[in-house]
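There are two complexes below, and they share subunit A, which is joined by subunit B in the first and by subunit C in the second.
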Partner chain A sequence: MTEELVNLSRLQFAVTAMYHFLFVPLTLGMTWLLVIMESVYVMTGKVIYKDMTRFWGKLFGINFALGVTTGITLEFQFGTNWAYYSHYVGDIFGAPLAIEGLMAFFLESTFIGLFFFGWDRLSKQQHLLVTLLMAVGTNLSALWILIANGWMQNPVGAEFSYETMRMEMVDFAAVLFNPDAQAKFVHTVSAGYVTGAMFVLSISSWYLLKKRDVEFAKNSFRIAAAFGFASVCSVIVLGDESGYVVGEAQQTKLAAMEAMWETEPAPASFNLIAIPNEAEMKNDFAIHIPWLMGLIGTRSLDQQIPGIKDIVAHNRERIVSGISAVKALEQLRQDQSNTAAKAVFEKHKADLGFGLLLRKYTADVGTATPEMIDQAARSTIPKVAPMFWSFRVMVALGFAMLLLFGLALWYSIKGNFAEKSGFLRTAVWCLPMPWIACEVGWFVAEYGRQPWTIYGVLPTHLSVSTLSPASLYGSLAGFIAFYTVLLIVEMYLMIRFAKQGPGSLGTGRYLNEAIAH
Partner chain B sequence: MDMLLDYPTLKVIWWLLVGVLLVGFAIMDGHDMGVGTLLPFVGQNDVERRVVINTVGPHWDGNQVWFITAGGAIFAAWPLVYATAFSGFYWAMLAVLWALFFRPVGFDYRSKIHHPTWRKVWDWGLFIGGFVPPLIFGVAFGNLLQGVPFHFDDNLVPYYTGSFWGLLNPFALLCGVVSSAMVTFHGGVYLMHRTEDEVYQRSRRWVNVTGLLTVVAFSLAGLWLAWGIDGFVISSVVNPAAQPDPLAKTVVKQAGAWLANYQQWPLAMALPVLAYIGFLAALWLANRGRTLAAFVASSVAMTGVIGTAGISMFPFVMPSSTDLRSSLTVWDSVSSHKTLGIMLVAVVIFMPIIIAYTRWAYGVMSGKVTAAYIRENEHSAY
Partner chain C sequence: MAKPRSLLQEVIWIVVIKLLALTSIWWCFIRDVKVEVATTDTAHHFLASPSSSAQQRSTHHD
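Up next, the complex of A and B:
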């Protein structure tokens, strides 16, 4: 596998996944907001809540279409571009993906049709049930894909089989109840809810600033403020839970995120700001908060958090042990009855993945030089500066949104938000915040797992399909071209209908009824 | 479940289940892809085209999940097939994917803007999204039947050594015609069931043309397969209970080997026969206006066609033309006993539920889609 092929495959996955993730969080949040709005309609019979459901549903539909379009890419791509990965872990990773289809995609995709077209053919209660099932479907889909992703981060419940040359499932329950997956699921869907709430809050604020469709905008604002405040609290609390889980399962990610080069005596201090120096393995500058890191990472005062230098030294030992595992495996592939090789393999099996890291530097792992082993050990830590800063951007945005939704809720309770033009203007400008937070959050999780696709088990370097770099340049160019055009079209429609507002429903109750004609 | 069923049984069950998912895909996503293919031809003005689009508007998204789930199930049950086929057929898979891009946006965005050029562009987008995937799937099956140039190294890394253009050989293209014509036929029958007047009449003409084309192309492909294409046979001892390792066997190529299963199990002949009876019955029923029965018959016919391809190759799934022992079969390209068992439980639980609510959704939206419906729902219909 050439470096070029691996980098291009990674770039293509990153581009297509991050693009897909522009649409997913909004879908996750909007479906529940639609459920809330429609529930109010069914309970009170006030038709304005039906109009809200339909109008926000229309914008949701424009977004959903691209979510579907870009989602299929991701399922294809494991096979097209990550063939060895698909073989090596398909026995475990494929199951949640297939169950996602059976349990979640069918549900959301079948009921979204009735959501849009069933208004006149279903009773109020039936239609609400349809909307609810659609929301359950989208959220279940997040659950299953994050169970799959959680397993990539923390591969529990599986073992390598030398007979089939792959990882095999030994404990499905462990895969399902993987703490990494559970923490990720709640954190990610909450981030989606915040995104939905911000979308409705910002656009409603814009209507209020323009003093148009005021009742409609006020009702939408209030729902978004309450839902958004609850969700942003949940994102932050569950984000802390994620941090704790990462500390348990992925010390390399935590150390890089926090630019912790040395192991400090417990409880470790937290680097609020730092300028990491990759070459010398230290921070050129840092502002510390004593104790905080130890508390977040271990929830104790006496447990140490290992620093990067210690982790590298420890991983070097695992690589050396991994060399024995790789050599024994090669012997077993020639002759499965070789009991001596089998004994060696069983002893070093846990470090097999670390041995495979050396394949990046040499085809024959047995002849790896000490320099190669050093290089491989050093490569087990992702680059520190991008991790450190993107994590801080995400956290800062989280707290900024906490403040925004806190104020929005406060003004909603007081009932005077329609006059707070300064606040409304801020709310409009804050619209991109949750998207940026979601994207950098995704980056921290996935880039932070490098150099592995399956943490500690399968190096990224070995996971790719044996394609030519020319194919990759071609497909990457194709994806970028398609996605750019689609994004322009989507933004055009979104802005057009957001500007037109509820008048686009053609009910005769709102402004701008005629624009679309 | 893995306690109840032994490994060989589960391997065969999963071969059947992948078949069921592909048949489900052909019946469900097939009819809306057929509708997409016919859209520019049976709808001559904007209202007619909206009628055509709205026959599948509420359902295409759910139907597409058959495709996604079939892909996911192949990943979970046959990871080596998923890895080897998707990476080997790289550009063909991307062509399918990029064609599918036009569907969600085409359906949802087309009627949101009134401009005629805007709508025309999405109409052709929906055509591409309906026409290209079944064509390529047919071509892919045509290549599977001939063997595909790939091999594994000792670590089971797959290498594909053919080119994209090599996939477009005459037999494969003929299989592409079978698949494309059959799906378009199926979509045409569905359109007859859901429309009236001009659209109905034009759909009927397309049903007659594509129905006959399907029967002729299917017959030609069958004759070619029987006398012109060498099949594959496992020449070493088969142990269906063994841990899957494709490199542990030997394989030979043999003239007429793809007919061997029909000699061993004469009942398998029922599949091609079902295809013929289904197509002819569907044609007859459609021309008598019994459109729902015709839809059922064409579904049966497609089951026959897909089943014929599957049973001819059994136990092979993806034979290798360049390194025979690398060929993938139902015995040696599957997941572990445990995963197959878990996935079977998932299918047994969810498939009936899916079928039930899909049926309910079609029931809610049943009846003819008319020009009057489009005018009344100017702002909400696709």
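Up next, the complex of A and C:
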């Protein structure tokens, strides 16, 4: 498997996943905002809240349609580009994806149809129930996807079978209640809620700056400010939980995110800013905050967080143990009744994945040289600088949005936000923030798992299909071109309808009633 | 004059038509296509084959 092929397969998945995640968080957040707006309509009977649900629902619909299109290709890629991955872990990974399609996506897509076409056919309460079920379906969809992704980060509830040469599920409950999956789910959906809130807040701020559809914009702004503030608080608290879980299950990722080269005495200090030097395995410059890393990472004052150098040394031992597992497995493949090989395999099978890391350097793992083992051990740490800075960008954006939504909520309570033109202008310019935070957050999660597709179990270089680089270059170019067109269409439609505002509903109550009946 | 159909009736019709369409597609194009889970392919991809293993070992010892 050439390095070029592996890198191209990774790039293709990364590009398509990142495009897809431009649409997903807005869908996640908008559904609950629609539930809130429609609930107020049902409770108060004020028609402006119905108009808000319908108008923001229209923008949500555009985003949903394009989001679905970009998501489908990701699932196909598991078969086309990651065939060995699919064979090796499909038994576990496929289950949540199938449940997502059959349960959550069917639920969500059915109720989305009723949401748009049921306004004149359903009672107020029935339509609210439809909107609520649409939101539940959308979030359930995210739950199953993140259960699948959580298993890639922390593969629990499964065991390798030397007879079928694949991982097999032994405990579905462990996969379902995987702490990584649960922490990722709540953190990710909260980030989606922030995205939805920012979308409504920014566009409402723009209407207020233009002094158009003022009552509509004010009501939308208030709901977005309150929902956004609650959501951004959740993102930060649940992000901390997610980081804690990473520290438990993926020490390499945590160490890279924090540029921790050495194991410090507990409680470890936090590198606020650092210039990591990969070659010499040290930071050329760093500003420390004493104790903070120990408190965040272990929630204690006496537990150590292993540094990169110690992790590499430990992983080297696991690779050596993994060589025994691979050799025993080779013998078992020749003769499954070989009890001696079976005993050796059982003893070392937890390190099988580490032994397989050496397949990148040699065809026969048993002949690996000490240099190859050192190289493989060093490769278990993702590049530190991109991890360190991406994580800090995400956190900084999170706190900036906390400040923004905090002020928005404060001004909403005081009722003077419509006069704060400086703040409204800032809110408009902050629109891209949650998307950037989501993208860099996913980068930290996925790049930080390297060199594994399944952490500690399956190396990335063994997961890819045996395609030709030419076909990957071709399909990658096709994806980029097609997705860019979709993104342009989305931007065009969003901007068009956002500019038109609630007037696009054609109710006769708003400005720009150009397409009114 | 015929009574207009209720939304529930329409939704039921749509779901039935959708299920029939999906079943037809499965019946015509997918039912007979079986994908073998190729254990030997994975073993070959992940592990050294006995011949290459022996060859490498002899080269190593030389």
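Going forward, the second predicted complex is superposed on the first by the 514 of 517 C-alpha atoms of A that agree within 3 Å, B and C clash if a C-alpha of one lies under 4 Å from a C-alpha of the other, contacts with A are read in each partner's own complex, and residues count from 1 in each chain.
In the analysis below, contacts are C-beta pairs under 8 Å (C-beta built on N, C-alpha and C of every residue); 3 or more make two chains touch, one makes a residue touch a chain.
Computed from a prediction, not measured in an experiment: that's the story for all the values here.
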Clash-or-fit label for the pair subunit B, subunit C on subunit A: clash
Partner chain(s) touched by A:112 [first = subunit B, second = subunit C, both, neither]: first
First, second, both or neither for A:357, with subunit B first and subunit C second: neither
Subunit B versus subunit C as contact partner of A:164, first or second or both or neither: both
Touching partner for A:326 - first (subunit B), second (subunit C), both, neither: second
More subunit A residues in contact [subunit B versus subunit C]: B
Partner chain in contact with A:376 - subunit B first, subunit C second, else both or neither: neither
First, second, both or neither for A:122, with subunit B first and subunit C second: both
First (subunit B), second (subunit C), both or neither touched by A:366: second
Superposed model, subunit B segment overlapping subunit C, candidates 1-9, 235-243, 271-279 or 361-369: 361-369
Shared subunit A surface residues [contacts with subunit B and with subunit C]: 84, 87, 110, 114, 118, 121-122, 163-166, 330, 333
Touching residues on subunit A, where the partner in the complex is subunit C: 84, 87-88, 110, 114, 118, 121-122, 163-166, 326, 329-330, 333-334, 356, 359, 362-367, 462
Residues of subunit B that touch subunit A when the two form their complex: 57-62, 64-65, 68-69, 71-73, 75-77, 79-80, 82-87, 90-91, 93-94, 97-98, 100-101, 103-105, 107-109, 112-114, 154-160, 243-245, 335-336, 338-339, 342-343, 346-347, 350-351, 354, 357-358, 361, 364-365, 378-381
Touch list for subunit C against partner subunit A, complex: 7, 11, 15, 37-39, 41-43, 45-48, 50, 52-53, 56-57, 60
For the subunit A and subunit B complex, residues of the former touching the latter: 54, 61-62, 64-66, 68-69, 72-73, 75-76, 78-81, 83-87, 90-95, 97-103, 105-107, 109-114, 116-119, 121-122, 161, 163-166, 168-170, 172, 330, 333, 465-467, 471, 475, 478, 482, 486, 489-490, 493, 497, 504-506, 516-517
